[in-house]
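Chain lettering (A, B and C) follows the sequence in which the chains are written, and residue indices restart at 1 in each chain.
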Amino acid sequence: MTFSAELEARFEKLLHSYPPGRQRSAMIPMLLYAQDEVGSVTDELIDEVALRVGVTPAQVNEVLSYYSMLHRKPMGKFHVQVCTNISCLLNDGDKLWEHACKKLGIGHKEATADGRISLEEVECMGACSWAPAVQVNYDFHHFVTPEKLDEILDGLKEKA
Amino acid sequence: MPDLIHLTIDGHPIEAAPGTLLINAAKTAGLEIPAFCYYDGLSLQAACRMCLVEIEKMPKLMTACTQTVAEGMVVRTDTPQVHAARKYMLEFLLTNHPLDCPVCDKGGECELQDMTFRYGVGESRFTDEKVHTPEKQFSPVVFFDAPRCILCYRCVRVCNEGMGVNALGVINRGVVSEISPNKGDHLECDECGMCIDICPVGALTSGAYRYQTRPWEMTHVGAICTHCADGCKTTLGTRNGQIIRGNNRDRSGINGEFLCIKGRYAFDFYNHAERLQSPLARVDGKLIEVSWSQALSAVARKFGDTISAGGSFGVVGSNLTTNEENYYLQKFARGVLKTNNIDHHRTGDVVSLLDALSGKSGKLATVADLYEAKAVLVLGADLALEHPLLSYQIRADYRHHQAHVYAVGPHPVREDNYSAASIRAASAAEYFAALENLREKLRAEADLTILFDDSVKGAGVAKLVDFGESLGIPVKYVCLLDYSNSRGAADMGLMPELLPGYRPAGETGLHVDEMTEAPLDVLWVVGANPLEGRARKASFLVVQDLFLTETARQADIVLPAASAYEKEGTVTNVTGEVQRLRRAISVMGAKADLEIIGFLAREMGVAAAMGPWTPNAVFEEIRANVRGYEIPPAVLATGGAAQSMPVNGRIPVESRPELAHSDHNGLFASGTLGRYSKVLGSVLEGRLSR
Amino acid sequence: MLYNEPSPLETRVLSRRFGLPNSASIDTYLATEGYQAFRKAAGMKPDDIINEVKVSNLRGRGGAGFPTGMKWSFVPRTSPKPKYIVVNADESEPGTCKDRVLIENDPHQLIEGILIAGLAVDAHAGYIYVRGEYRYLIEVLEKAIAEAYAKGWLGKNIQGTGFDFELYAHSGAGAYECGEESALLESLEGKRGIPRIRPPFPAVSGAFQCPTVLNNVETFCAVPPIIRDGGAAFAALGVPKAGGTKMTCLTGNINKPGVYELPLGFPVMKMIEEVGGGIPRGRKLKAMIPGGSSCPVLTAEECRDATMDYDSMASRKTMLGSGGVIIMDDQTCMVKAALRIMRFYAHESCGWCIPCREGTTWLRKILTRFHNGGGTQTDIGLIADVSKNMLGRTFCPLGDAAAMPTISIVEKFRDEFEAHLEGRPCPYEHAEHLVTV
């Protein structure tokens, strides 16, 4: 499997970040970084990571299925994550989530037909003092109102 | 011996060795601390929380499965707090459990049922929807019903730690965590079924056993597996004359709870559609069914006529028949047929080993020794495939005692995964070069057990023993053999040059390959298939077997024989341990080989000279005549195994190492017999179709 | 830069560089007494460093509040194995967002704290385990680490002291449970985030089965000021038995949410009213969770004389926790709050042990049904009972974390549960507006 030069460099660095014989440690960051590039954790990616860190594909699958940010199915180009956990809930994060679902016509872990935007209702992302919060891919948006969310979502339609 | 630790559990004073887990210390006082995830010999989990107990000065309940004993510790397992913890733990477990006990294979021997009965609540307060996922088939023999699973991780551990296979894991997290097979939707593994056996509930069920019976309807008979030479005890569950299940949950026998696919499932040849249930006689070139009396008198007549005419006989014995049958057969051949033309397929050069060990004692390792050895050297064989029990013992020795394992052989083997050193070597010369490389390491070991297969024979065995004895440490040996009574065949003198107990036969006779090629007047084959791929040369061929093998197909008379599960007697395993077979079922039409030979003796009028043909009577004769078989009847009767040291002195005959060749049966093969096992066939078929 | 307006009531020790231009850069750091504590520590005996931390009364800032100096002293320094420093930056406790701010604004303070810990226990490598959602902080950390290497504050023979240290940023991938220290170590080793059986504790057998110091970001960040200005000075900022300041996240129904550095022992009502500017829309305080969603809630009444420190909270049967203060106004449905908290724990339960795996899901189901109007009178007792059956019996503290707030809500706000009975809609919102589960 071929990756971008940047990702290869990251892999290389990761594989040298742990004591000898402990390359398995690189597995989770590798999966996350590779998912960013590939779009999801594909069978091919599992095999590749397994090979590079020296475990079996089944062992990679055991690990990846544990972590909520690793997806076997592709999400949208822009993965919109709305927090509804307690601090966001107290600031109408749940209403924001419903607003997002209604606006896009999709639900939890679903993507728009064009594959550009996907939605996920997520647990606390560590933006509690700036609630309610939304993450688009890895970018945080704070104090998000329905109007602000509309702006963000509309912006994504244009964005490359 | 370190000082014992003193503690009290529920007021009982208890002494335990330092490091003893509380759950085991309690057991010694007859106190049960319930647990699902704790399992002797496997890694600790502390996941099921059933073993929570009160320990004085500890603020919270503690898991007795992880807590080790401490001096002065005061433990209580009988308090309201502990009872409540158990009760509500079971309530939690049952929330998502389907409670489909009436149709669950495990019903009646389910630990969850037993625990709920003993410690649980009568009713559940759970009224919401249960998590459900459909049942999955992982392999021909393994089915998985996730909703029944309590996630004790026993299956994962027995597969990873016990078997060294790593075929089972856990995926997802939280309430949707699930046991998962290594190849996505299916297993690629040893198909040993250990995971099924160890499952405390009905989550993992057996493709062979599921929905066949309620467990309490079965009768359980302790037999010895008739496939490889390791000699595992398999407890056969029978009902209405059918074998329904094989397992060894009572951990009796030299194998404890271990069984591979053959011991657990491959009893299923017994009712194969092609099983012979009537004697056959060749009439007009065709084999037709005849009565036992017709067949026996035809054979007796032929034998008698041939003796009178001074004709030639050849007798080929079996690797699967009992010691009693083998002894009686060679006695018949030598005493009645007056021939030393008697042999069997030798699968390893045990004769050379016994000869090389002449004058030494305590040199033959037992299965139990393999668990205690400080170091183990495996030469040649792929132990995990050819000798699953021995491999299992060595893995356990490594896990529990940090044994150093050395693997020298032509191919990568499972032992490489944890070996202190693995060396690839293809020939005897390369082996000895590898051994020299290992010499310094081996010298430093406290003791060593060497296992070797048929790639070391004759002078090679002597050289190997020389090497072992030169190390200056205690060394034991195992000469690997193929089949359930390969060792017994040799011990009982199924060899032209040797009588029972490795005494010289005087004038030697023909060996197997010579007999099949010689124009003998009569060739008598008992439980063997020497004419596979060859045409018969003998004028008259008598075959005793379960199936119409390539040899039986060429016979003049075929006598349907009983399998190991259908008769009594003893067998001797690869490590020389003698164990008793118990008849589990009877198959209509078939007779034990001992009985067949006895009837022939009667037909020929030599019964008095041959002596009685009951297994007990023949074993008495063996006890009196064969060195190493002076086993107290009580030891045998209780199912125990005793080491046989069949010779202690040079074996003064010409060694025939070239005759020894192993079939190197893998996990899913078992010589001719293996072809008739449906389960072995289905696994192989599954592999090929992928 | 993520940073709220400071409050004049703050005692800015760990956050002193917040708001400075380029506060995350090594130049800013060096210009503001940065790495001076390391120089000082390099001249101290390891035991003296640990002693200074003990004197500071610094307690673990991740939530458990274990004395830091004592934790460090458990590391067998004579062990032939390598030792590791591991930073818990898996900040996932709902209501908590302080480590994020500390890393983003002042990553070198963290690095310096790590180095001093390394000196104290003879460790020469460290890992910062950052939750996957904080991906951008990986970049922040990698930049800071690169700067530190470039300027000789990491790597071989740091600043001629003869001390070597390698530091790596390691990303998680979404799992609250990895904030539990032994689960974090499993995750760091490329495994499922299942906690380990303890003992052995990480100090003896941690990362890669080697002795390991594992602390929260804020804990490490407190170390440079402690060494620089002395443990006693830090201790004096707080209350007896708990020294220093606490990064406090004001969240929920509050006018000025944000992360504020308050001395331990700060009065709760003063924090809400004066630091946080009170509750919006003229509403009243109904309840407060003092330190992340796993702490039992306090009623407005209980908050009155409470102070933000370990003992005051313990006397009210709750915990200071992680510093994630969740303020709930009088229009908050406590059943809905309990449900949302339980949804979180059911989602995050690792599934390893029975009571947590089954208990959190069961409670989530009851609470969902309950909030939707399908509850019965016996359910109220059942919710408390099931929670109590988890409490103290699970493999790791996640079970307790789920049980404690739930029990406290049922006990303190039973009337709100009663109000949902007999199919009545949630009194705090329209019937058609229900939490999606």
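One rule holds for everything that comes next: a contact is a pair of C-beta atoms (placed from the backbone, for glycine too) under 8 Å apart; a residue touches a chain by one contact, two chains touch by 3 or more.
Treat the numbers as computed from the prediction; the structure is a model and nothing was measured.
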Chain-level touch network, classified as line, ring, star, complete or other:
complete
Kindly work out which chain lies most centrally, taking the average of its C-alpha atoms as its position.
B
Take the average of all CA coordinates in chain A, do the same for chain C, and state the distance between these two points in whole angstrom.
23
Expressed in whole Å, how far the mean CA point of chain A lies from that of chain B is 51
Chain B to chain C: how many Å between their CA centres?
55
Note the residues in chain A that touch 2 or more other chains, in rising order.
62, 66
Residue ranges of chain B touching at least 2 other chains are 170, 172-173
On chain C, where are the residues touching two or more other chains?
175, 192, 347-348, 350
In the complex with chain A, residue positions of chain B that touch it
166-167, 169-173, 180-184
Chain A residues touching chain B in their complex are 56, 58-59, 61-62, 65-66
Interface with chain A, chain C side, in the complex: residues 2, 4, 82, 91-97, 99-100, 125, 127, 131-136, 168, 170-176, 187-193, 208, 249-253, 257-259, 289, 293, 324, 326-329, 332, 336-337, 340-341, 344, 347-348, 350, 433, 435-436
In the complex, go through chain A and note every residue touching chain C.
17-19, 22, 24-29, 31-33, 53, 55, 62-64, 66-70, 84-87, 89-91, 94-95, 97-98, 108, 121-131, 135, 138-140
Touching residues of chain B toward chain C in the complex: what are they?
44-49, 52, 60-61, 66, 84-85, 88-89, 91-93, 95-96, 125-126, 128-129, 131, 150-151, 170, 172-177
